[in-house]
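Chain lettering (A, B and C) follows the sequence in which the chains are written, and residue indices restart at 1 in each chain.
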Amino acid sequence: MNRHWKHSLKPYLLILPALFLAGLFAYRPFVITLLNSLYTVSINGQRIAFVGLDNFRRLFVNESFQTSLSNTLRFTLYFVPVNVFICLSAALLSHREGKLATLNQICFFLPMAVGLSSAMMILKMIFNPFIGIVNQLLGISVEWFNNPNAAMALLVIAGVYLDIGIKFLLLHAALRNIPANLVEVATLEGANPLQLFKYLQLPLIAPTLVFVLATNIKDAMLISSPVLILTEGGPFRSTQTLVYQMYLEGFKSGNYAMGSAIATVVFFLTFLLLLALLQIERRRVYYQ
Amino acid sequence: MKSLKAILATILSLIIVFPIAYSLSASFFSWADFTAIPARLLPSQPTFENYIRAFRETNLEQFLLNSLITASLGMMLRMTISITAAYTFTFFNFKGRDILFILIVATMLLPSDTLLLANYTTIRALRLTDTYLGIISTSLLAPAHIFMLRQYFKTVSGEYREAAIIEGCSDTRFLTLLLIPISKAVVVTLAIHSFSTIFNDYLWPLLVTNKASMRTIQVGLTMLGFSENFDYGPQFAAITVLMTPVLVAFILMHKPIQESVSTRFTGR
Amino acid sequence: MKRLFSVMIILISLTTVLFAAGQREIKPDPVRTVTWWHPNSGLAGQATQAMVQAFNSTVGVEKNIRVEAVYQGKANDVLTKAKAILQSDSRRDLPDLAQLDGAAVLDIRDVDALIPMEDLALSDGYDLDAILEAARLSVTYKDKMIAMPFNSSTILLYYNKTAFDQGGIARAPRTLDELAVTAQALVQKDARGNVIRSGFANVPTTYELIAWLGQQNHLSYITDQENGHAGNPTRVLFHENGTMVNFLTKWKALYDTGALENLTSDRNGAFASGRTAMIVASTSNLTTILSMVGDRFEVGVANFPMVDEHATGGVNVGGGAIWAFDNGSGNRDAAWEFVKFASSGEQQLAWHIATGYFPIHRDTYSLPAFEEHIAKNPLFKVAIDQLMQSNPQLQGIWVPSAYQIYYAFQTGILKMLTENRSPEETSRALEAEINGYFAEYLRMQGQ
């Protein structure tokens, strides 16, 4: 009887750490964040009074928040296609035999070795409009940190640089997993590279592509560290993103209620976007 | 066609590698080189001074040590928890198994960045600020990894395990001596990913550490606050010191790295 | 199963051991160690180290005190760290001293753990009048000096003297109107009509607005409660007293000449590279700018331009101060010894020479070494004269959400210029937004 008890308890004990962590660092804070967004919270984190949706009401009329929302959505809109294009191009272009191809491949996943702050600081230096090397090499004088459009472009560049390493590896692996005989048959049948891509490669790497898209959307909606290090939301809040504003309100101003409200908005928005992505995927797979 | 691909690929790869090469060169710049107009690609008179200053003027070794400890410790704990959980969900049959699995994996939908504030108050309340445990705490649960591991373990037949148990093999032995070696590629990839995720984390360690002695290298780097007057030298030296071992490792191990990323995880 | 458990236990114990190792070791010390958190980097960082070493090897040896200066990042980072500790109620983690700037005041001034500097000074018989009035008032709350001014600065106009000479401009502009005229004369274009050098590059920051708004009519308040020095501000006054509209009108006129560049970042770099002929910047940037410019051109400094002929208030004292905390270590007196040292006549001179921050102690100004230094470096004198001519009542604002307010000003002013809004409209919009931040803050206090 004792042995039976022990036996049936065992699996629960084994997954206990995971469950405990999920509860402590995911579910509980989620509920607390939701709650905080519905209350007035003191500077010490105590909930003072229930205010319902009042925080959200004030948040949505706040111009700064509207800017954050617009910036984050626009960033996602620019970043996702650009990133997918560049990473996919890198994978496709280096999908060949030979030593040069290997060299190309190594270059493409090398950025993974550069940590986030290192990469951001390098970019900060080389994109300096006056003494940075980029403007010098390209013969231009773009005000990367003073022009809102240039700053947004810089943020996209930063995002791509941080992500290309792992995404290249994934797409590269996906391409390699396509059975060689299928490719042979297609080429024998006279398919040109474009057709090869459209009708053979694309469908077969679609699941990986969906994964890349999903993580890109999530990362774009949540972008914060590059903003913190590179632009600090400037110039003129043009690169202020939702999570960055959450950091300002929550940590700099100690306004937990506002910070939690922003967090809640970000969560639901991202959730909706991912849900939309899944719907699209389901439909396309069906028609295949 | 092939040569067009080769040319384009090489151009793109040169662009990607440029910042890394530049920072290597810049670590030998003198202050005049940094503020030179027009900007320079190579140092006028290479100097080691930046490296000397980076270590002398800041606690670089301590930062690096903190990062290495937290990343290694975090990786080990995370892998232990993930593998154990995935193993249990795959090979055991218990009440509520599927619900509990979904419960754990569903946390993937709760991005930890949106929970920063609440997690911070939790850590503060537990008095874990400025501790290694505090830094790695939010990275210990990896729902994506548990999911991937379970997907992989499922391909191993249950009968295999039953046979082993009948032969008197305990779960632990089965796991460590048989299952993990079979899943080496997956485990290694996830371990590397765990290590680099924790190593590269910026915002969370920034919030959770106040003492200079507990800072991780990512946070510490940005605080080499020399950039106020374009004194970038020590920063670049530090960046190069940090980057080089990893770069060398990546280049030497490029084959295993590329092969280990299998698309089994993403669905195909 | 047993194996698995024992492996897990080993890992968990390893964690706990490392967790314990990661905490600060508390060693009993015969020498009293005073920790000082500061944001000084580069040249200022070196000067900090020099000052600490000077103390440790003189007064420190005498009185068995050792000061440990810890660089904590930018001024904002020092505050964030301190706040985190204050909120978690673990006082013993507080430093003995922390160097913070104006943005920090609101969070620090009411905490129990703060030891008002005036108390420490008076119990040592220190003469508070020895400190420059403007500097002392900059850290006075409800009539008490709660910190010790340390890295004090004001704003200056920096100009490319070589360009002035080439353009036949005899002296620096005094008012915004004159600035507009001078800037126009300094614009340089290339063959295709692109501006390669602008006359003046700036988007007003909070620091500059404090002077531009506050100096009008010899003294104007920007918020109620004496700019926050008498209590929590509840609303801004700059709209109702017309100072904002007045300033914005002048600023718009400046922009309309085409000589103004809306540059918000890296203005020092733009100036040093010759991309713009004039900027406004803190006196603390003087040494840095001089070394960046090198011998590209001659640098001139002048008084911060006045809004109009009635704006005689001058400038306020900005920069930071040293604050003392009670962390249960009993180091109050030791900490005070260092503060006394750091703010003394001689040390302030050394600090000034190395960084450009101006000396806050009256004694410095009568030291022969000071006169010598000024004679050799006349540029440094400009900031000091400017301050002596200013109204000491003109003080900085102690407001919540300083970060957000900074962006509100910048974004609002940019919109006015690029979307052709009226100064009246812009002023009203700024009033509404900033009052909103004040309201949030009061709400969080439970009011």
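One rule holds for everything that comes next: a contact is a pair of C-beta atoms (placed from the backbone, for glycine too) under 8 Å apart; a residue touches a chain by one contact, two chains touch by 3 or more.
If you're wondering where the values come from, they're calculated on a predicted model, not measured in any experiment.
Trainee: Find the two chains joined by the most C-beta pairs in contact, please.
Mentor: By number of C-beta pairs in contact, the leading chain pair is A-B.
Trainee: Taking each chain's centre as the mean of its CA atoms, which one is farthest from the centre of chain B?
Mentor: Computed centres place C farthest from chain B.
Trainee: Please report how many Å separate the Cα centroid of chain A from that of chain C, as a whole number.
Mentor: Once rounded, the distance between the two centres reads 36 Å.
Trainee: From the mean C-alpha coordinate of chain A to that of chain B, what's the distance rounded to whole Å?
Mentor: 16
Trainee: Note the residues in chain C that touch 2 or more other chains, in rising order.
Mentor: 1, 4, 87, 269, 272-273
Trainee: Residues of chain A touching 2+ other chains?
Mentor: Residues 10, 14, 45, 130-131, 251 of chain A touch two or more partner chains.
Trainee: Please list all residues of chain B that touch 2 or more other chains.
Mentor: 35, 37, 84, 207, 222, 230
Trainee: Which residues of chain A touch chain C once you look at their complex with the stated criterion?
Mentor: 10, 14, 40-45, 48, 62-64, 67, 128-131, 143, 145-146, 233-237, 240, 248, 251-255, 257-258
Trainee: Would you pull the chain A residues touching chain B in the complex into a rising list?
Mentor: The contact residues of chain A facing chain B are 8, 10-12, 14-15, 17-19, 21-22, 24-30, 32-33, 36, 45, 86, 89-90, 92-94, 96, 98, 100-126, 130-133, 135-137, 161, 164, 169-170, 172-174, 177, 193, 204-205, 207-208, 210-212, 218, 222, 224-225, 228-229, 243, 246-247, 250-251, 256, 259-260, 263-264, 266-267, 270-271, 274.
Trainee: In their shared complex, at which residues does chain B touch chain A?
Mentor: 1-2, 5-6, 8-10, 12-14, 16-17, 19-20, 22-23, 26, 34-41, 81-82, 84-85, 87-89, 92, 94, 97, 100, 103-104, 107, 109-119, 121-122, 137-138, 140-141, 143, 146, 196, 199-203, 207, 217-219, 221-222, 227, 230, 232, 235-236, 239, 242-243, 246-247, 249-251, 254, 257-258, 261-263, 266-268
Trainee: Mind listing the chain C positions that touch chain B in their complex?
Mentor: Its residues touching chain B are 1-4, 7-8, 11, 14-15, 18-19, 22-24, 39, 41-43, 45, 70-74, 77, 81, 84-85, 87-88, 90, 93, 268-269, 272-273, 288, 291-292.
Trainee: Please output the residues of chain B touching chain C within their complex, sorted ascending.
Mentor: Touch residues, chain B against chain C: 35, 37, 57-58, 66, 69, 73, 76-77, 80, 84, 124, 127-133, 170-173, 175-176, 207, 210-214, 222-223, 225-226, 228-231.
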